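Presented sequentially are two complexes of chain A, the first with chain B as partner and the second with chain C.
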Partner chain A sequence: MNFILNRKLRISLIRKRESRKIIKIITPIISLIVAFFISVGIFSLAGVPPLTTIRVVIFGAFGSFHNFSETIVKMIPLLLTGLSVTLAFKVRFFNIGAEGQLIFGAITASGIALFLPNIFPDIPRIVLLPILILAGMIGGAVWILIPVLLKSYYRVSEVITTIMLNYVSILFMQYLYDGPWKDQHGWGFPGSARFVESALMPRFFGTRIHFTIILALGIAILLYWLLRNSRLGYEISVIGLNERAAQYAGMNTKKKLIIVVMLSGSIAGLAGVGEVSGVHCRLFEGLIAGYGFTATSIAWLARLNPLAVIPVAFFIAALSLGGDQLQIQLALPVSAVQIFIGIILLIILAGDFFLRYSIKISERE
Partner chain B sequence: MLSEKIVEFENIACEMKGIVKDFYGAKANDDINFSVMRGEIHALLGENGAGKSTLMKILSGVYAADRGEIFINGEQVKIASPRTAIDYGIGMVHQHFSLVDVLTVTNNIILGDNSRDAWINEKKVINEIKNVAEKYGLNVNPNAYVWQLSLGEQQRVEILKLLMRGADILIFDEPTSVLTPQEVEGFFETLRILSSEGKSIIIITHKLNEVFNIADKVTILRKGKKIASVYPKDVTKHDLAKMMVGKEVILDIHKPKSNPGKPILILENISVKNDRGILALNNVNLDIKSSEILGIAGVSGNGQTELAEVIYGFRTPLSGKVIINGNEIEKFSTHSAITFGVSHIPEDRIGTGLIPQLSIKNNLILKDYRQKRFSGRGTLNSKNIYEYSMNLINTYNIEPSNPDKLIMILSGGNQQKVVLAREMTTDHNILIAMHPTFGLDVAGTEFVRQKLIEHCSDGGAILLISEDLDEIMQLSDRIAIIYQGEIQDIVDAQDANIESIGLMMAGEKA
Partner chain C sequence: MTLSFLIPLLDVTIRAGTSLLFAVLGETISERAGVLNLGIEGIMIVGAFAGFATAYESGSLVLGLIAAMIAGALLSLIHAFLSVTVGANQVISGVALVAFGTGLANLLGRPYIGKLGPKFSRVAIPLLNKIPVIGKVLFDQDPMIYMSFILVIIIYLFLYKTKYGLQLRATGEDPQSADAMGVNVGKVRYLAVIIGGMLIGLGGAHLSLSYVAGWQDSLTAGRGWVAVALVIFSSWNPKRAFLACLIFGGIEGIQFRLQATGIALPTYFLRMLPYISTILVMWFVHLSSGTKKKLGAPGALNKFFDRESQA
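This part shows the complex of A and B:
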């Protein structure tokens, strides 16, 4: 690739040879440290002593058992949406709409949680929860069905449709909890009524860590196995790498694409179930947290490896909780927190880039 | 005329000294010296990967050499880009043309020509084109859109483009591979006119016949090194072949007479449209018997691609029947074609036949991965896949012999061996071989042709589609000539006459 600066100079990108494994591991760590110091530097310009920033962030994420457990809670939706995006990327489907699928999954699950107990008042948790989970996963899958059908039959770019459907699902959810599903005893707060006990995910160790974490870790391992060792995984890699060759091999590429992408949507939908049934116990505004976009960064940082998504999601969750503490304890504005996370992601991605390319500036003749 | 030429030869037009180019540790050019005289037609001969294209891309500014010097008319120059190259009068016609399909010939010629004023008088340019075209026998309509042109015509546009930018050294990469025999004659005539005017011509080729037909001098490269520069009149075909390959090669493959059996594939009144909605095959009737190779001769773009696509289920015909082993294909999909036992060596192995980012073994099972032995109960059986791949790697001498290596690091010849191994091993009734030796070197070509012949002797039915007329003549039992989607004639290979086939390929009914 070439960029021409002016009549004299030209910048070209040169692909490097495959780096050694040790360098691949060290690079993101060094990038992280550099990024950390840059952000701390920026905060010290705002009058916060560097050591304070570091202490607050680290304490916020890992400082106590409670804080650590909250990091895990935050990690669950990030892990699931990260896996969802990873799977879709494998068939070259750019799912930027994990947030929309998460919310739609939350909506369908909430529908079950709010109304099924009215019909069957004594329904036990062991029956209700699986129905809830299934409903949420189907919700996520249905929500992504629209973009994938548009893509495979009319070649509409999924990047646009998945993003747009995020807003549709957010507005639909707001309509529901402000209108028909509004909590009658909620003193006007926007949100649905609290779910009945049997519609809530079991939690562990007296924290808010809920059962979904086990499902999420299980899905990560399952996906890793599926992509490497199964017939479907083989088909996914062929379709993702060379669709024409997949057709040549007699694969029904449209059908396979739709199936895989719906799986991806259902994983994001499960994240929505976890949020409403495990954390908030109701459908409400707190679900809108930009998970879809963060999930895209997570998937890339993990190099589309489902197992690597686990630590990356954990790391991003820690950053975001640490960042929250900057806001709470040091009274830094929300934008400062976003700057903090933004700088770190940017520098890690830059480190990743320079691992693969070098830049050469040469004189033009 | 001859004496004039010798005088011209005393002027060196261009000289390359000690050129080295390294691609990730592989020396594509290793200390090559090369020079061209004014008015000389110089053939650059070598196998695939010998470094011919690399050397010429360095001369035309596409690549920068790691080391070495270039002199134009005795003056040392630095060629940093194709634009600097054309400023020095060097232009190259690449194997894949660099024309814009949706623009007219005139606009393609204007495009990127910085010597012109910002305000372009198109009428004037059209007149210039007509003059140059007439002078060199490069007949083409300046107002036609490039997508309407045949490959031969597109090549003429490329030549016009260079001439109108003042090129004195013209480089051609495998120029005749897209031409009919008649077009080749016309092209050579153009080259002769150009050289008589003092322009230097370099042709990259691996066809020995061409060297003797047109070249004043030939330089042979092998594995990045220059082997020799000789005058064709001083050597024989076998000398050149030996220098090119480094060992004696069999130039003529002998095909034993075959005894065709019952018909395996029958096409009845097949008509089909291409992607542009134009009729690509019109009422085609063909049959291929067991132990028979049916060759399809034709200039590319006359319906060959669509023919293969219909049989392989990529394309549904408007009308007509495809019958395999007595059963009519009803649903046209690649999956059903595979179930009916159609094997296919596609024309672009990297785009269709292989997945470069996957390993050899994962490419070898591309057709058969559904079978129980490879993926029983939905789980890949890595042991069986490994053993199966090892077996094929040994039978077909695939290098490297490690099934876990990625296809993209293989040479073109070895990639084609992977396709061949897969398509011939999988259970099938008929094999469609499309340009099976395209872009392969002499040894690779020989291997592929030998395998096709063996396959036929073992009772296989093969539909051979190739632009290489020699290949068609050498391998086929019968030859069908296709022109604009119609079968002109089907002849027995034994009493086939290359002249009359060439005429039919150009649309002249014999």
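This part shows the complex of A and C:
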């Protein structure tokens, strides 16, 4: 591919055979930085001075021990949904519905948390919490079941079905906390009644960092191991590369796809459990945070490596928390963070261009 | 009695379906050239915002429409670059555009929430509007709706009856052969994505300048994704797109009528209707056809064409 600059110079793009590993690591980092500055530029269009944005974001995320702990709190659902999407993308299932699965997982867990203690008033935390976690994971898995069945049996695009179910889950949640699960003492607060103490995740160091973080980190390591060393991991990579070849090799790809995708849904569902039982202590409007897109961007930035999802989720969490501060202090809308998410993805996609090509400027003869 | 129920219902059907129709037509052009643009939801909302803000500030609806088209073209240009030049993953690029577009429109749109701006009013077409029922429903609407009717015909004729339309379809069906025929695949794809984006932008403008007539947070509410599904439902055919959008306009119409009658079904469930219908429609479409080919999908949809590796 050639661009002729002027009469003397010519810019040619030369395809590289292999890109070096260091470049693969550096591009996401550069993408993050560039995306941050473009976003700052866009916020300044909306009337927020660039330095104010930078100061508010950085202080908001790292300014004090409390803020830092809140960054970790924010990181938990991002890490889990990022892992969920990573796993699904590995089998080429474009699950954009992490938000829906998170919310449905939160709904099933909340159902247990709100009503099981009515039947068994003395149910101890050590019994109730595992039931909650299981319920949430099943909820997330069930919510992704329709898209994966439609995909594997009828070839219906999972992108559309998972997104449609995001909207449905949000409306269903609103119906619940506005109707049958309404908080009788809530004065119109957009959430259910508060859970009993035994339905709440243990927290650490007097902060809101909750037990789910250990599960999340554990799942990241487990997935990394699973994908590299296990038979299932091998099969996942074969299905991801070429589904037909996998079929010829005698794999039951349909069954494997359904299992892997349901696992993906259950991880997002666990994120929902963490949010209701660890952070908000109720089913709450705040669960609607565009996790579907954010998780997609995290998985892509991490290049579908479960261990890389950990630092990426941390950085995105810091920026989201900073974004929350922007929203509170400067009255920017919640979705402003989505600008940043979108730009990161666009830049990292464009960055692949430079991974594959090198630019050469030569003189024309 | 039945007419007094039917006419408003059909009227809403047409009006609710129009923004979808623009978007579906735009996406059809893009996908016919082989580029899957999933960014509709983001392009639409930015178009809606640009249209409303421009019309509000200038007082001119025409300028509003132009702004919506420019906004749509610019956002699609990003997608065109990533999918045609870079060969990036088109699904991810589309998702990125949705996140970016939604965030951008909501951020910049904040000062315009609740403001009353100019809006398209109904212009009856003489004589035609006297036809019983149909006259009122089809020929006493706003100018953008007439524009959408005309676009269905123009795009249909363009795609199936002109040389350029053939080239565009060839590009989406079999880029290697199109290239061998001397068609500049890259150029055709760029143009298709950008023109498609302009139409999608207009779809957004119909929401903010006529149907909803105003700006609110997340105005498009998933309509862009519904449009993606309707392109498949209509087998990438502009004529069927018209019918598909009527059906979905109708679903929205029924939803409103039911809400108005005060039936005990909670509004949350009524609002799920378009989303659940979309899933059901996608299922039925695939159920009745089976493979991708029979659906009528362009052969090279969502496939990067790399001219250099062809040699």
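The rule is short, and it goes like this: the second predicted complex is superposed on the first by the 281 of 365 C-alpha atoms of A that agree within 3 Å, B and C clash if a C-alpha of one lies under 4 Å from a C-alpha of the other, contacts with A are read in each partner's own complex, and residues count from 1 in each chain.
Following the convention adopted for this analysis, a residue touches a chain if its C-beta (ideal position, glycine included) is under 8 Å from a C-beta of that chain, and two chains touch if they have at least 3 such contacts.
Keep in mind it's a predicted model, so treat the numbers as computed, not measured.
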Residues of chain A touched, compared between chain B and chain C (which is higher): C
First (chain B), second (chain C), both or neither touched by A:229: first
Touched partner set for A:237, first chain B, second chain C, both or neither: first
First, second, both or neither for A:120, with chain B first and chain C second: neither
Contacts of A:189 with chain B and chain C, given as first, second, both or neither: neither
First, second, both or neither for A:65, with chain B first and chain C second: neither
Which superposed partner A:245 touches (first chain B, second chain C, both, neither): first
Shared contact residues on chain A - chain B and chain C: none
Complex contacts: residues of chain A adjacent to chain C: 1, 15, 42-43, 45-46, 94, 96, 146, 150, 154-157, 159-161, 163-165, 167-168, 171-172, 174-175, 178-179, 290, 293-294, 296-297, 300, 331-333, 335-346, 349-350, 352-353
Contacting residues of chain C [partner chain A, same complex]: 38, 42, 78, 81-82, 85-86, 88-89, 91-93, 95-104, 106-108, 110, 217-218, 221-222, 225, 228-229, 232, 266, 268-269, 271-272, 275-276, 278-279, 282-283, 286-287, 291-292, 308
Partner chain A, residues of chain B touching it in the complex: 24, 78-81, 84, 312, 314, 333-335, 337-338, 344, 346, 351-358, 362, 366-367, 369-370, 375, 378-380, 382
Contact footprint of chain B on chain A as seen in their complex: 17, 229-235, 237-238, 241-242, 244-245, 247-252, 364-365
